[in-house]
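Across the two complexes that follow, subunit A remains constant while its partner is subunit B and subsequently subunit C.
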Partner chain A sequence: MRISRAIASVVVTMMIAALVVAGARPAAAADTIDPDADFKAFRAYFTKLFPNVPLNDFVNGPYSMDAELRKQWEAIDDFPPYDFAIDRGKQMFATAFKNGKTYGDCFPEKGIGIRQNYPYFDDKTGEVITLELELNRCREANGEEPYSYVKDEMASLTAYMAFTSRGKPFDIKIPNDPRALAAYQKGAEYFYARRGQLNFSCASCHVQNPGNHIRTEVLAPALGIVAAMPIYRSEWSGMGTMSRRLVTCNSQVRGVPLKPQDELYRDVEYYLSYMSNGLPVSGPGTRP
Partner chain B sequence: MRGERGTAHGTALFVAAVVAVVLFAGAHASAQTPALPGQVLAFDRGKGNCLTCHDIKGGEAPGNLGPPLADIKTRFPDRKELRGIVFDETKRNPQTVMPPFGRNLILTDGEIEAIVDFLYTR
Partner chain C sequence: MRAWICLAATLFCAGAAQAASTEADFKTALAAAEAAEQDAGALKNQWIPTEQALAAAKKAAAAGDFDAAVAQAKEAEALAKASIAQAKEEQSAWRAGVIR
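What follows is the complex of A and B.
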């Protein structure tokens, strides 16, 4: 047990070292977990790669990378396709559960203008809590069935919560608690590890190739990639949550997706959201 | 009024017929020079799917994660090298995002040979 753990640790260290050498992981030393140093390296990597993209524009993903795509987006955004989701989410927030409580009762500030604080580390349970997870826990605590994490009602709820938080800078905290640091680190490792028959990591596209095209699609930068969630994707003909994005990413590289809101997915979201600290919430968004 | 519409309708039908004949003739002409099996494999999204990342003459809407695949004879006089890249480019370049088509059994050896044949025509 101890030996296999030691081997695993060496493998991970070597893997990250290899990525750092080639510049794939813009991170500091691999032997200590230092989110602040990672944050600075990550930010510097993207701003150096795209010196002409204003920092706050990274939250607009592919539109910050491609002028033609941006024009199409600005035309669509006069009548955004996610509007129905915001309206529906607002209505759901205003409707009481069978026990008379509401979503607002489960959140600080009644759930308004708080999206930028998610995910957070819960020191009572020692796990990362995302907005989606907290919404379903709220439902269950009030005797309601949980929703599917990937679209429909869940996307409507998070669309409304994001909308009421637009422009607020991400403010993700990693407390000096070994469990929080471990969750952050696991998320980072998942993000940079290759998987699937096609042998892609999340970073293969979103760190190594932002702004480049796969076919006609423009790859989004990892910096700010969480800010527009949930998104209306033309490819999906509908709304999708952060969970949906992670599951489809894994499938596209012919890997085996985890269950939505699996602990590791939440850790990935924790890592990416921390990397986006200071950038404004822009969700809900639209993507091709 | 009705007569005019009828005439317009007739003209449209005639134009459509002419277009159909021309299109059919075009399709027939191109069918005489069938694509190499390797081209079909290279462009198939479920197989090589090379256009996702590479510009290749004859393919539409290419991506640009990898370099354009042109002048292959000049750039890869050694067939073994080109075959090796398709089989597993991570051997040469650990940071590449190119899928290891042979190592991960995305393509069979025969399919890789066919794609290499096709690439030497570009």
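What follows is the complex of A and C.
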């Protein structure tokens, strides 16, 4: 009896969720992996949906969708709550590890002004490398303990690195390598696949319902959604990384989150970052 | 009248027998639920309510309430199976939502 009640409850929940989000479902895609065609379609979808939003403004997420929210943001930005993270990250970046090396020694251009190139596909290891992953690998290669991927030190380091790249256009490359294309495709699949007891995909909110409210929140468009990372989120009362955002998204649809920097999370960041190509880095950002 | 009393007694006994789950029942139900949840994990699609039901089952068993423990374990199994069905469905269904 309890099993049938549980199944009925799940089925009803899934049906309601499907009905709620089914409204503006875009057309089905072809089976072939064609990042360039995907990019053009993605860009066209959002610019057609929001013809009055300047292209570069999409990186401002919900503030590009809602005038009142934008006024609040502009007021908050007089004294940005992420400033302390930039300062802390700058200091951390300049402080040497125990072996005398610094973060700058692990990155091209000493790590300054390079945020727009992450994530990238590493043809040696055959995997997607995010900025967060590269920072922790840098620490480990220099005999230091890795940081938590979701907040605090990692958010400060990425905040500083994003700040040094502000305004630079995203330039994510997908090499003509079957492994890179497979990672890109896995990222797309993760983005569009429904999950969790609420039966939502990332796209349910950020493709099918940007600009709409979900409770008190204005949903951000998927176009440019990575550009403001890391963010100071009022809901969190603190800074959070891209990893934190993905973990939270999964939890909100009642799915058990993957481990931060799981291969699938990196792949979805790769996919979304490629879709943001040409848009300016705006991080660190602020969100409600 | 006697027939009614017998029937009521029979139903009461049957109900009581059904309700009295044992530790062995719980272990069987828990094993089935955990196996299903492990399968959901292999598909990277576990649900939070499944984990909550599993935890509630273990807590009830630790308190000696095997009826509740079995019920929670069976609920967890049903939820895990639903998450597996969702993951399998989405292996192809995700394409329907892609922008093109």
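Quick notes on this structure:
By definition in this document, the second predicted complex is superposed on the first by the 259 of 288 C-alpha atoms of A that agree within 3 Å, B and C clash if a C-alpha of one lies under 4 Å from a C-alpha of the other, contacts with A are read in each partner's own complex, and residues count from 1 in each chain.
Convention: a contact is a pair of C-beta atoms (placed from the backbone, for glycine too) under 8 Å apart; a residue touches a chain by one contact, two chains touch by 3 or more.
Model, not experiment: these values are computed from the prediction.
Of the two partner chains placed by the overlay, only subunit B lies in contact with A:I214; subunit C stays clear of it. When both complexes are overlaid on chain A, the residue A:Q197 reaches subunit B and subunit C alike.
Using the contact criterion defined above for the overlaid structures, shared-chain residue A:A188 touches subunit C, although it does not reach subunit B. Of the two partners subunit B and subunit C, more subunit A residues are in touch with C. Looking at the shared chain after the overlay, A:A41 reaches subunit C, while subunit B stays out of its contact range.
Once the two complexes are laid over each other on the shared chain, residue contacts for A:C205 go to subunit B alone; subunit C is not touched.
Contacts of A:L264 after superposition on the shared chain: subunit C is touched, whereas subunit B is not. Contact with subunit C, but none with subunit B, is seen for A:V256 once the two complexes are overlaid on the shared chain. Taken together, the two structures place residues 197, 199, 208 of subunit A in contact with subunit B in one case and with subunit C in the other. Contacts from subunit A toward subunit C in the complex involve residues 2-3, 6-7, 10-11, 14, 25-31, 37-38, 41-42, 45, 188-189, 192-197, 199, 201, 203, 207-208, 251, 254-256, 258, 262, 264.
Contact residues on subunit A toward subunit B in their complex (touch as defined above): 18-19, 22, 24, 197-200, 204-205, 208-209, 212-217.
Here subunit B touches subunit A in the complex through residues 51-53, 61-65, 90, 94-95, 97, 99-100, 104-106, going by the rule given at the top.
Residues 44-51, 71, 74-75, 77-79, 82-83, 86-87, 90-91, 93-100 of subunit C touch subunit A in their complex.
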